[in-house]
Amino acid sequence: MSRALTRLGVPAAGALLALGTFALPAFAAAPVPAKGDTAFMFTATVLVLLMTIPGLALFYGGLVRSKNMLSVLMQVFAITCMMSIIWVVYGYSLAFTGGGSLNDWVGGLDKAFLRGVTPESTVATFSNGVVVPEYLYIAFQMTFACITPALIVGAFAERVKFGALMLFVILWATFIYFPMAHMVWYWAGPDAIGDAAKKVAEASGDAKKAAEVALAAVQADAGMLFKWGALDFAGGTVVHINAGIAGLVGALVIGRRVGYRREQMAPHSLTMTMIGAALLWVGWFGFNAGSNLEANGTAALAMMNTFVATAAAALAWMLAEWLEKGKPSLLGLVSGAIAGLVAVTPASGFAGPMGSIVLGLVSGVICFIACTGVKNALGYDDSLDVFGVHGVGGIVGAIGTAIVAAPAFGGTGILDYVAKPGEAVAGAYDIMGQLATQSKAVVVTLILSGVGSFIIFKVVDVIVGLRPEEQAEREGLDLTQHGERAYNS
Amino acid sequence: MSRALTRLGVPAAGALLALGTFALPAFAAAPVPAKGDTAFMFTATVLVLLMTIPGLALFYGGLVRSKNMLSVLMQVFAITCMMSIIWVVYGYSLAFTGGGSLNDWVGGLDKAFLRGVTPESTVATFSNGVVVPEYLYIAFQMTFACITPALIVGAFAERVKFGALMLFVILWATFIYFPMAHMVWYWAGPDAIGDAAKKVAEASGDAKKAAEVALAAVQADAGMLFKWGALDFAGGTVVHINAGIAGLVGALVIGRRVGYRREQMAPHSLTMTMIGAALLWVGWFGFNAGSNLEANGTAALAMMNTFVATAAAALAWMLAEWLEKGKPSLLGLVSGAIAGLVAVTPASGFAGPMGSIVLGLVSGVICFIACTGVKNALGYDDSLDVFGVHGVGGIVGAIGTAIVAAPAFGGTGILDYVAKPGEAVAGAYDIMGQLATQSKAVVVTLILSGVGSFIIFKVVDVIVGLRPEEQAEREGLDLTQHGERAYNS
Amino acid sequence: MSRALTRLGVPAAGALLALGTFALPAFAAAPVPAKGDTAFMFTATVLVLLMTIPGLALFYGGLVRSKNMLSVLMQVFAITCMMSIIWVVYGYSLAFTGGGSLNDWVGGLDKAFLRGVTPESTVATFSNGVVVPEYLYIAFQMTFACITPALIVGAFAERVKFGALMLFVILWATFIYFPMAHMVWYWAGPDAIGDAAKKVAEASGDAKKAAEVALAAVQADAGMLFKWGALDFAGGTVVHINAGIAGLVGALVIGRRVGYRREQMAPHSLTMTMIGAALLWVGWFGFNAGSNLEANGTAALAMMNTFVATAAAALAWMLAEWLEKGKPSLLGLVSGAIAGLVAVTPASGFAGPMGSIVLGLVSGVICFIACTGVKNALGYDDSLDVFGVHGVGGIVGAIGTAIVAAPAFGGTGILDYVAKPGEAVAGAYDIMGQLATQSKAVVVTLILSGVGSFIIFKVVDVIVGLRPEEQAEREGLDLTQHGERAYNS
Amino acid sequence: MKLITAIIKPFKLEEVRAALTDLGFQGMTVTEVKGYGRQKGHTEIYRGAEYAVNFLPKIKIEVVVSDGDADKAADAIAGAAKTGQIGDGKIFVSSIEHTVRIRTGETDDNAL
Amino acid sequence: MKLITAIIKPFKLEEVRAALTDLGFQGMTVTEVKGYGRQKGHTEIYRGAEYAVNFLPKIKIEVVVSDGDADKAADAIAGAAKTGQIGDGKIFVSSIEHTVRIRTGETDDNAL
Amino acid sequence: MKLITAIIKPFKLEEVRAALTDLGFQGMTVTEVKGYGRQKGHTEIYRGAEYAVNFLPKIKIEVVVSDGDADKAADAIAGAAKTGQIGDGKIFVSSIEHTVRIRTGETDDNAL
C-alpha cells in the first residue's frame, strides 16, 4: 500500500469531518523529540538559510549590472535580518497560533515575543506521536519567512530605494505573508485529531455525539486553505506564487528600468548566478525534505523528487533554448533548475520520482516560454523574472501536484488521520476534485497577494517614494544608496 | 580489539567462504531505519551535491581562462542534471540490482524507473540489522554518479563541444560507470550473509551442507571486484581512478589546446578555485563518512581521516613546491588538498588518523610530481590535471589502503560477517595479499576505463566531432558554444 | 521551570563543592552514542569547517586589495591544514586530558597522536548518560582550533610574511590556544560528577567523608576558568577575545600598512565579503548549537539565539551607520552580523531569544563605534577589524552573558549536577556574582593572550622577520610571497 | 588624417557609435578610462574608512578619419554625447601622419 | 620622435612584443581596448534578452621611437600581428615633440 | 594645445593628481595600462606551468593643456611621479589641434 501524507492536511472529502465543540490546544503535549528528527531539522534549517544567503543573493546579484550588485546583496541580507526579528516578535504567533474568530485568515498574538516557549516545548509533525522542539520549528519556519520577501526583490532590482523596500517588506510580511502562512499551514496536528477521533470511536450515545462535535472542532481549528484540502508540501502557494505575483505587481508599479531594451543590461557575473543557483538547489533539500519535519522515508522521497524534478526542468529549459535560440546557455540551464525547484515544492512529498520528472520537464518548458516569449511580448520589466520563474513555476507546481500526487500516477495520495485514530492511513484520492481545490488555492493566492501587494506598494510610494532619481539609477544603487562599490582593484 | 569494516566486503581470504545454493534478495527486508541514520545520510547526500555544484564547478572554472568559464560551469551543472535523470531511469538498477549471468560485471533492469521503490523501502548498510530508506540510498549514490563524469571534463577543458561531451557522458556512464559501480559496490548485504551463516551454524548433517551452499551463493551474489576483496571505502576506484584515466584518454584523443605552452593560460580566478576546493573538502565528508551509511564511530573515523589526510597532503604539496620552486602557492596548497581527499577516499573507514596523515603526505608529494614534472615531461595537455590528481591520487590511495588499513599500522582491518553470524567481527588481515588485491583492482580499472573511454571518445568524435573550430576555441567556448559571457560590467 | 545548562560548568557558588580525593578518568565509560547526536555533531563539525574555508577566507579576502587576495586565502587555508595536524598530534591532548599538577592551566600528553582513541571511544556531553563518539568530538574541537588562529590574520593582513605567520601560529596554538581551551573547557563531565555525588548521597559516616573528598576531586579536575564558573557556551573567550587581542597585538607589533590612510585601500570585492559573512552565519549554527554536543531543545535554543542576535546586530550596525554616515552599507550590515555572532557565542545556550536580540543590538552598536570611531581615533591599523569585531564583540558577549543567562531575564540559568546526582537540575543564579566571574575571565584572557602573543610575535620577528620589504608589500603579497595572481583574464 | 579623441559619459557610447556609423565611419576604438574634471566625484565609506573618489568612469573613443572628415566626425560625437550636464566630456583633435591596415598592408586613407 | 599606435588582436600581443624587442625597442605600453570595424561582433542572449555586441576585444600597443625607427617599428608590428583575417587591426603613426624619462630626467631620444 | 601623456607607477597617481590640481589643471584622463621596459617583470607558476610576465601595471595620465602650460605640467608630473627607481615611467608631449567641450561647445583653450 502506498504511503501517503497530507501536508495541507485534512482531505477535501467532507465525509471525514464530523461535528463537535471541543477544542484542543494547537500543539498538544507530546512525547519528547527524537534526536534524529532534531538533527534532521537542524540541518534543514541551516540549509534554508544557505539558500537565502548567500544562495539567492548571489543568484540575483550575478544577474544585475555590477553597479547594482551590492544593492541586491544588501536587500536580500537585510530582509533576512529584519524578517527574523519580526518573526520572533509577532510573525510566528500570527502564523502559527489560533486566531479566534479570525482563525480562517490569521492567528493571534499568544506567542508574541515567543512567550511561553522553552527548550522543552515541542510541536507536532505529520505523524502521530512524533514531535520536534518548538524552537527548531520556529527557526525552520523563520527561514521561510526570510526567503519569501527576499524573492520579491528580483522583480524590480536595480531601481528601488532601500528604505522604501524595507518598509514594503515589513508591511507585506504583516498583511500578506503571515496570514497566507496561517491560511495554508496552521492546523491542530495529528495527535489532536487522533485523540479526538479516538474519543469518538470509544464513546457511544450522547457522549459520541459530543465527541464528534469535539473532533469537528479540532479539524476546524485550521487555516482556510488547509481546510479546503489544498496540497502544498513545502510552500508553493505561500512562498512562490505569493512572492511571484507580488514581484510582478512591484515591477509594474515601479516601472521599467532606465534604458530598458535600449542599453545593455547583461548579467555582470554569471559565475555568481551559477553559485547562487547551485546553493539554491543544495539548500532546497532543507526546504522540501525539511517540510516533512521528520527524518523518515517521506523525507527521503521529498529529497529524491527535489533532485530529479530540478534536473529535468534544467534540461528541459536548456533544450528548449537550444532548439529555439540555437545555443544552450548556462543561464537557461540554471533558470530551468530553479523553475523545477519551484514547481516540485508543493508536490515534493506527494509525487513519485517519475511524476516529479514529468512535472520538472513541463515547468522547465513553460517557464522558458514565460520568461522569454511572454515577457517580451507584454513588455513589462520583471528584472530577474521573479514572476516568470516563481509565479509561473509555482502555478504549474500547484496545479500539477493534484495530478502527480495521485496514487494512480505513482504519487502517495493523502493521509487520513481519522479513519484509524492515532495512525495516519491513506485517504481516498480524487484527482478532479483535487485539481479544483488546487486551482482555487492558486486563484486565492494570486488575488490576495496581487491586490494586497498593489496597495502596499502604493502606500509606500506615497510615504517615502519607491524609486530613486534617474541620475542615481544611472550611477547605480551601490554608490547612491549605499556609498560603496562592489569591486575595487 | 580494533574495530574493522569491509567496504568492499568479503575478505580476500577464501577460507571464510563456504558452498551453497540458497539465494536471498539483494536488499532483504529489515528493521525500520534509525532516524539518526536517516538524518545523517540526508546531510551526506546534500554535501556530495555541494561538492559538485558549486564545488567542483568552481574549482575547475577558476582554473580556465575567463572566456571559457561558463563552458566549464555548464558542463558540470548539465552533467549533474543528466546523470541524475539517467540514474533513476536505469543507472541505479544497472549498478545495484543483481545482474543474473552478468552479475560479476553489471546489474539488471529490475529497478529501472525505480520500479517498486516506496518511502518504506530500505537498503542494507554495513551493520547487521541496520537499514536506511532506499530513496535516500538512491539519492546518495546518485550524487556519486553525478560527480564522477563531471570530474572528467577538467582534462580537456577549454576545447570540447558541449553536445559531444553530453553524448560522451551518456555512453560513458552506461558502459563504464554503472558497471564499475556494480563490480565494486554490489553485494548481498550483512543481514543476508548473517542469516545464511546462522543457518549454517544451526544446521547439521545434510542440512548443513545445503546451508553452506546457500551461504556461498549469498556471498557470490556480488560484483567482481567486491568478491576479490578489494577495499574501497568510498570510491577510489569507481570514482577517481575511473574518471582520472578517462580524462587522460580524452585529453590525448582531443589533443592540446590551441596555443598550449605558447600563450598565457593562467587561471582566471584562483579565488573561485579556492572556493571550489574548500567546498570539495567540506562536501567530501559527506562522500567519505556518508559511505559508511550509518551514523556511528566508523563514520566519525572516516570524517577524522578525511580531515587530516587532506591537511597533510595540502601541506606536503605546498612544502614540496616551496622547496622546488621557491614559493608556496595557493594553487599548490589546494591541489594538494584535493590529492589528499582523493587518496584517503578508499581508506577513509579503514585507516587510523596517523596512517591517514602518512597517506596524505605521500599523495601530496607524488601528485605534485605527477602534475608538474611528469606532465611537462610527457607533454600531454591535461588542462586541469584530472589524471595527475584523481588518477594518480586514486592509485596512491588504492594501494596505500592495503597498508594503512592494517591493524598493525593503526587501521581497523576488515570485517568478517560469517564468523559470528548476525554480528560483524574483525577478520584476519594479510597486508601482502591485500596489496596484491588492491593492485589488481587498480589495473582492472585502468584497463577497463582506459580502453572503454578511448572507444567511446572515438565513436563520439566520428558522430558529432569532439572539438570546436580553432577560431571558435580562440574566441572562447562561452561565446561560441553558449552565446554568453561570464562577466560583463 | 526554566531549563538551564552550564557550559563552563560548576556554578561559581562554592557551596556546591565538597571535599574528597577520589579521582575519575576524564571521560568515563558511558552508554553508546545516540545516532541522532552523532548525525548532529557530524553536521555541526562540517559547518564549522565551512565557516573557516571558504567562509572566513572570503570574508577577509574580499576586504583586501586584489593584489593581496591570495595571501589571505592561503593564510586561512594553510592555517586550517596545519592546525588540524597539530591538533591530532598533541593539541587535543594538551587541551582535553588531565594535566597533573599543571591541570589548572594545561593538559598532558596522554592522548598525543590520539593514542588509545578508537571508533568505539566516547566522550561526555553536558547531559548525564549521554555521550558522542570521541573521534567526532575531536573533529569538532579541531575545527575550533583551526578557525581561532585564522581569525587573527585579518588584523595584519596585507603585510606579513607567510613563513613567519606559520611559525607564529604554531607557537601561538601551543602556548596560548591549547592552554586556554583547557582552562575554559576541560572538566570531568556530568557522569563523573553525578557518580561521585551519588556516592556521597549513599554513604554515611566516614565513608561519606571520603566520598565527599572524592566528589571534590572530581569537581576539581577541570581547567581554571571552568572552575571559577565562567560561562562560555561556545567559545567567546577561548576563540574570539583570544584571537581579537592577539590580532591587535600583531597589528601593533608589525605596524601600519604602507600608505595607510594616504592611499585607497577599499575592499576589492564586497561580493566575496558578503559570501563569507553569509557562510560564517550559516556555519556558526554548527559552532554554537554544536557546542551543546547533543541534538536537543538546548541545541535548538542555541540555534534560535544565534539567528536572532545576529540579525539584531546586523540591523543595529546598519542603522547606526545610516544615522551617522547618511547611508546604510552592505559592509556595515555584514560586519554587524559578525559582531552579533561573536557576542552571542558565549550566551547562545543560556540566553532566551529576547535576551539575545538585546545582546545583538548592543554588540552591533558598540562594535560599530569600536571599528569606526575608536580605531580612527587611536590610529592603529587593524586591517580587517579583528579586534573591533572579535575582541570587542567577544567582551560584550562575555559580560552580557552574565545578564542574559539570568532566569530573571529569560535565560536558562546554570546547571547543578550535584543536587540530584545523575540528573542536571537548575542551580542558583547570582547575576552580580556571575558578572564578576565573567569579567575576571575576560581580563585573564586579555592578559594571557595579549602578553603571550606579544612575546611570540617578537620572537618570530627576531628569528625570521614578520614583515616583507616595502617594495614587496607595494607589489602585493600574492606575487611576492606566492608567485601567483588571484585574477587573470 | 586626424585622430579624434573623445571622452564621454559611458551610457552615451551606443548613441555616439550609432551617430558615427550613420555618417559612414566604420571603425573606432574604445577604452574604459577614468576622468577628473569639474564634475565632482563622491565619497565612499568602508567601515569607517572614507575615500574621496575623484575619478569618474568615462569612455574614451578614438577614431581616425581623413582630414576632410574631421569636423563632421567631431560634430557628430559632440551632438550625440551631449546631455548638457557637467561631465559631458571633451573632444581632442590631433594629426596622424601615417596609417596602415595590418591585414592588407593598405595605407593612409585607404586603411581607414 | 614618433608614436606608433597599433590596434591588434589580443592573442598576437606576445608575438608583436617579441618582434619589437628583437629589433631593440625596449619599451612599450599596452592597453586593453574594444574595437569596432569591419569585423562584425556577435549576439549574446540572456534569458530572452538579446544584445548585439558590436565591440570586440583588442589590444592597443603604444611605442614611441626616434624618427628614424618609425618605419622599422611599424613594419615589425604589421608583420607580427598579421593573420590575414578580417579584424587584424591598424597602425597609426603620429609625432611626439618631447619625451622625458621620469626617473632620470633624460629627454627626447635619450629618454626612450 | 599640448597633450601631455605620462606613464607612471600606479601608487603615484594620487600625488600626481594633487600636483596638477595645485597648479590649477582641472582636468585629466587616466587609463590603466601595462608597461614593458627596462624594469623587468616576474615569473608566475601555476601548478608547474611557468609564465614570464613581462608587462607591469602602470597608469597612463593624459592631460591637455594650453601651449604655454606644457612645460609646467610636465615638470609637475615628473616631480610627483619620481621615486628614482627603475620603472618610474615616461612623459610624452604632442600637439592637439583642436579641442571641444561637449557640454557647452566651447573650443580650444576655453574648452580645457
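Points to keep in mind about this one:
Chains: A, B, C, D, E and F, in written order; residue numbering restarts at 1 for each.
Just so it is clear, a contact is a pair of C-beta atoms (placed from the backbone, for glycine too) under 8 Å apart; a residue touches a chain by one contact, two chains touch by 3 or more.
This is a predicted model, so every value here is computed, not measured.
Hopping across touching chains, the smallest step count from chain D to chain F is 1. Note on connectivity: the fewest steps through touching chains from chain A to chain F is 2. The copies chain E and chain F differ by a rotation of 120 degrees on their C-alpha atoms, rounded to the nearest 5. Taken over every residue number at the interface, the positions common to chain B and chain C amount to under half, indicating a different-residue contact. Centre-to-centre separation of chain A and chain C, using mean CA positions: 36 Å. If you average the Cα atoms of chain A and of chain E, the two centres end up 56 Å apart. Chain C and chain F have Cα centroids lying 50 Å from one another. Averaged Cα coordinates give chain D a centre that lies 17 Å from the centre of chain E.
Within chain E, the positions touching two or more other chains are listed as 31, 44-46, 94-95. Residues of chain A in contact with two or more other chains: 34-37, 39-40, 43, 264, 266-267, 269, 275, 325, 327, 329, 331, 483-485, 489. By the document's touch criterion, interfaces exist between A-B, A-C, A-D, A-E, B-C, B-E, B-F, C-D, C-F, D-E, D-F, E-F. Chain D makes touch with chain C in their complex at residues 44-49, 51.
By the touch criterion stated above, chain A contacts chain C in their complex at residues 33-40, 42-43, 45-46, 49-50, 53-54, 57-58, 61, 69-70, 73-74, 77-78, 80-82, 84-85, 88, 113-114, 118-121, 133-136, 138-139, 142, 162, 269, 272, 275, 481-489.
Chain D makes touch with chain F in their complex at residues 2, 6-8, 31-38, 54-55, 58, 60, 70, 74, 77-78, 81-95.
By the touch criterion stated above, chain C contacts chain D in their complex at residues 264-267, 325, 327, 329, 331-332, 335, 371-373, 375-376, 385.
Residues 259, 262-264, 474, 479, 483-485 of chain B touch chain E in their complex.
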